[in-house]
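Paired with chain B in one complex and with chain C in the other, chain A is shared by the two complexes that follow.
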Partner chain A sequence: MSTTHDEVSSLADGPSVPARRPVRFLRNWSAKLATVPMIATALVIFVGCTGWTVIHSFTNSKLLPKLNWAGLDQYRRLWSTPKWYVSIENLAVFGALSLIFTLVIGFVLAALLDRKVRGEDVFRTIFLYPFALSFIVTGLAWQWILNPELGLQSVIRSWGWDSFTFDPLYNARIVIYGLLIAALWQGTGLVMCIMLAGLRGIDEEIWKAARVDGIPTWKTYTHVIIPMMRPVFVTSLVLIASGIVKVYDLVIAQTGGGPGGASAVPAMYVMESMFSAQNLGQGFAASTMMLLSVVIILIPWAYLEFGGKKRG
Partner chain B sequence: MISVREEKIVRLTTSLLGATALCAATSASALDFEVTHWWTSGGEANAVSKIAEAWNATGNTWVDGAIAGGGDTARPIMISRILGGDPMDAFQFNHGRQAEELIEAGLLLDLTDVAEEQGWKEKINPPSLLDACTYEGRIYCAPINIHSWQWMWLSRKAYEDAGLPVPTDWDSFIDSADELRAAGKVPLALGGQPWQATGAFNVMATALAGEDAYLAVNRDKDAEVAGGPDYAKVFEAAAVARDFAMGSNVQDWNQATNMVITGQAGAQIMGDWAQGEFALAGQTAGTDYDCLPGLGEQAVLDAGGDAFFFPVQDDPEVTAAQKQFAAMLLSPEVQVAFNAAKGSLPVRGDVNLESVNECTKKGLDLLAAGNVMPAGTTLLSPDTTQQINDLMTEFWASDSMSAADAQARYAEIIANAD
Partner chain C sequence: MADPASLNTLAAIDPVGDRTGAVGHMDGPRGRRPRRTVSRANIFLYGTLLVVSLYYLLPLWVMVMTSLKGMPEIRMGNIFSPPVEITFQPWVKAWAEACTGINCDGLSRGFWNSVRILVPSVVLSIAVASVNGYALANWKFKGSEVFFTILMIGAFIPYQVMIYPIVIVLRELGLFGSLWGLVLVHTIFGMPILTLLFRNYFASVPEELFKAARVDGAGFWRIFLQIMLPMSLPIFVVAIILQVTGIWNDFLFGVIYTRPENYPMTVQLNNIVNSVQGVKEYNVNMAATLLTGLVPLVVYFASGKLFVRGIAAGAVKG
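Let's look at the complex of A and B:
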């Protein structure tokens, strides 16, 4: 960990470094050379294109990008559009719930499997399988399951419960929970596997010590095991969070943003502005806002996690 | 994409089979002409195959680039291919303002010489169709058909099942809608795609508020009319129609048409392209289904439709083929074969459809009588259209948004329209 960190910083220090310590800079030159394409990609695609997008969000570009300055007009319009508010509200609800439930369900499943159940391999496979499906397939499958005419509702009604109603995808108020179900079904398996790996990494001696001290199992989990699994939780958190911000294909496949635009998400707003409405400037403004919200959350967290004290 | 793959296959066969494959290679390069369009429903696919047949008969090869999911899905794909340097040879668009910027950027082929040679100016009726293809005096697209939105399709079976007379205007439709619902039918079929809600609304606007009010809003962007009493009537009517559309639970327009065809639904407000679906299902106008232009109130048709545009390409051979294709689209044979299958009207005043059904005849009569107004796509920018689509789909799907709220937001969009 520490060597890589030094290398990165020496690389970042730039031209002054080789003058003083040329030998150090040339060490592992082949490895450094191999990373050059990736560094170039990162700079051009991530930094370059992000900058380009932000710049063009201050223009009135329509179908083609042009540098006709429009000041903050695009942002003013963005923040007066009801659909944008619906989108961010959906993302907030979906994000918070999917974060909590994915972590909780993932951890509970992992903890249960870790109690040395019989047929662990079978369960692990079953839980992880949905992750092998793309969001498009997941969305489509759950669109059918939740369709009142041919899915769950009709099956239960055919069993005799005639008043049973469960059609989240056709009800604007609860459609976001229909999406949540599909997302959890798809995503918890992976988190479970990561958690399971984390649990397996806990030294057996700790369990023995806890047992000797007479600490109940659940308390061992909450007070000893979970704090020890902090890095695992951080990894899961990053994976889940990045999935939430870019959620798009699931919505497209499952609801298409319907009913009546009630399940729109910011990424969809961006796509529609850019391509259906032929209004690039508006789409860029919306994507800049998405970037900004990620940055606002990420920077303090990154600072706390990596900035404060050096970890080994 | 397809041509690249074929080229690869050709190259592979060349190396494997030598001389034999050389012939294949030359024939493949004769000219693969890729045409992208979003005509994928049964009736539409049938119609587009007529163009393909005519094109293949000229010795060129039609490469079909159909994109499923309607114009809203297809247009971004087409535009990104053109901008991304992988243009198709021809593509379908609704004429009007959608292609404005592509023309400005010099990405589309100038067809003025073809138009002059073929005398489009004299032949195309109504002339507004050619105007919609004209940008700064040059012609950039070839109109292929006339479509109008202002139609309501009624299922005789649904009304017979319910023991009701088939409505003859909007009011009698409203009056019988509750009884139709009681008979287990959805009175008004409406698909979930946003453009369908907007379209139905605009039809109600022309029928109930009148042509003048419609043009004041859509052409002159008069927010006062949009917020005024004429449009208030339209929003009230739309709020009523919204209840009648509950329970449609379909996405695509042709699924909604199918509900009318099978008698599950009483009516659908949809453009005359729906006729292609009725025809494909073997139904006859006047015996299986009825049509009400302008909802049986004020019948004015908007002469919109489809047109083909041609991206500029370097290869002069392709350019020649593009011009040949453009000329072919307006030939009397293609006009008749295509429009008969699609349920649309020909763009030339001088061709006759051999067998015209009752509904098409009504349309032709209205056209001849000059009850024509410019289409929405030629008046509003895609940006404004998208905003209206968003509002309409929210309004039609909502059970809580009031007509007054929707109208206030509508007036605001019109006030800010470009």
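Let's look at the complex of A and C:
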């Protein structure tokens, strides 16, 4: 994309051509017209709607959005609501664990597949297929497997381990691990694929050099390969993290937020405040907090990726 | 965000590419054929991969087995064991008789709703995004990159931030609750990733081609329709895969922007399985779950490597 049409036509419009200059705004009007949907989406939805929600989070809107200024009241109420704390805590635990496990499992699987495995395509297909399924399907499948009376727990008990107990869907203390198992099942395949692409991008010479120097394989991974794959890890991290903040469908399908609200997440708090509790202000404030957390994730990434050097 | 072009890296990730023949990094067979030894490292390697594969395959196995059993067998038996007596009754019931609220016409209703949402959403979102991408790649104008950057940043905003104002916008347009409202929402939220996909693709088309067409007097639409479109079939296939699975699997927008009679399949599935009334029929539930997962699974298995390309590009959306 070195030269664009703009530059081409500005050459033609140079001073040697005495003809009347076209109005600048109308130049390439059909290209501008064609991007109206994009411009409208960018401005109305991404800027407009986000701004609208943030502004209305400072009002005392209840059933209908109103511009009655209430300062930080909604945020004060939000941070004094136990349910919001439960949601944040769940998200933190779920987020930290799924971030670590997804990265580790994704990388290990990719590294294993990268060892010139026979039937690599078959394994990759198996690891990735859950990603094609929706969170609803994932949640319902694991809800059934983790069913305490008929699922995994009862099968293991019937094999003779009578005291085996794993009932995350009925036990408020461990429900988040039930969600984690399902989320890992669904999402690790994608990270594996990204990692595999990163590993394949590493020059074969580096492996040869490491072998010549007699460095053990695992050490080559920890000291050479992983540091080299930093951008891949950062990209995966951002993808996983921004997905975690949005987690909603999975919880709805697998636990419905239960038992007794123990597996609530921020996105659910937002949805309930807006569409069932008719407490719009709370919903706006909570969703603004979600936005804030994404911004906190994105800024260091943007800084690392784009800071300083300009590519292109 | 200095330069949105750097976001290309996300789309450039191509886990499969043409590298699947990884074994063939050597220039050709040389020397003695190595003996394939069953070394300890290999046992560990394949052992781990097989055990992990079991974890990934287990839920699918359990779902299929459960859906083929009768309820008495489920109550007595073990969820992992294959059915003693195979019955397709649960599938029939899930498709045609399962109840949500007062309607008892099964998941077929949700299936057809999903199809009616899917087809226009896929067509519209791809049409809009391909033109956007083309304009951004070949017809840059002042500010076009700014809008594109906003679009890319927008892809990271949690949907919960925007859903309520969009309800108001749709209500103003008279589209709230209708299928077309949902189609519009899918078009909007599919735009960032699809535009990125098409922009990168069209930017990789040799510029001489574009210039030659310009010299011959072809305009914006003519170059798009007669030169760009015919050579961009692969990227359209990737976009279609991405959108079909993405829109089919959507739950959030379906539940917010449609009325119950228009609920897509995922929403109806959740309502059937998680309804509190009645006796739980696990076999019917699993048949219904599999039915809902069937469309993306078929797309996945049929498209193979193209799916991987699509999701690697679409990972931003995830």
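In this text, the second predicted complex is superposed on the first by the 265 of 312 C-alpha atoms of A that agree within 3 Å, B and C clash if a C-alpha of one lies under 4 Å from a C-alpha of the other, contacts with A are read in each partner's own complex, and residues count from 1 in each chain.
Assume contacts are C-beta pairs under 8 Å (C-beta built on N, C-alpha and C of every residue); 3 or more make two chains touch, one makes a residue touch a chain.
Treat the numbers as computed from the prediction; the structure is a model and nothing was measured.
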item	value
Chain B versus chain C as contact partner of A:F275, first or second or both or neither	both
Partner chain(s) touched by A:K208 [first = chain B, second = chain C, both, neither]	neither
Touched partner set for A:K62, first chain B, second chain C, both or neither	first
Which superposed partner A:H223 touches (first chain B, second chain C, both, neither)	neither
First (chain B), second (chain C), both or neither touched by A:K83	first
Per-residue touch tally on chain A - higher for chain B or for chain C	C
First (chain B), second (chain C), both or neither touched by A:G151	second
First, second, both or neither for A:G256, with chain B first and chain C second	both
Doubly contacted residues of chain A, that is, touched by chain B and again by chain C	256, 271, 274-275
In the complex, chain A residues that touch chain C	1-6, 8, 27-28, 30-32, 34-35, 37-39, 41-50, 52-54, 65, 109, 112-117, 120-121, 123-138, 140-145, 147, 150-152, 154-155, 158, 185, 187, 189-190, 193-194, 196-198, 200, 204, 231, 235, 239, 242-243, 245-246, 248-249, 252-253, 256, 266-267, 270-271, 274-275, 280, 283-284, 286-288, 290-291, 294, 298, 302, 305-307, 310-312
For the chain A and chain B complex, residues of the former touching the latter	62-64, 77, 81-83, 148-149, 170, 172, 256, 258-262, 271-279, 282
Of all residues in chain B, those that touch chain A in their complex	72, 75-76, 79-80, 83, 98, 100-102, 105, 192, 194, 249, 251, 381-383, 385-387, 390, 393-398, 409, 416
Chain C - residues contacting chain A, complex	1-3, 5-6, 9-10, 13-15, 17, 19-20, 22-23, 25, 45-46, 48-49, 52-53, 55-60, 62-63, 66, 74-75, 78-80, 128, 131-132, 134-141, 144, 147-148, 150-151, 153-154, 156-166, 168-169, 187-188, 191, 195, 203, 207, 210-211, 214, 219-221, 245, 248-252, 256, 266, 269-270, 273-274, 282, 285-286, 289, 292-293, 296-297, 299-301, 304, 307-308, 311-312, 315-316, 318
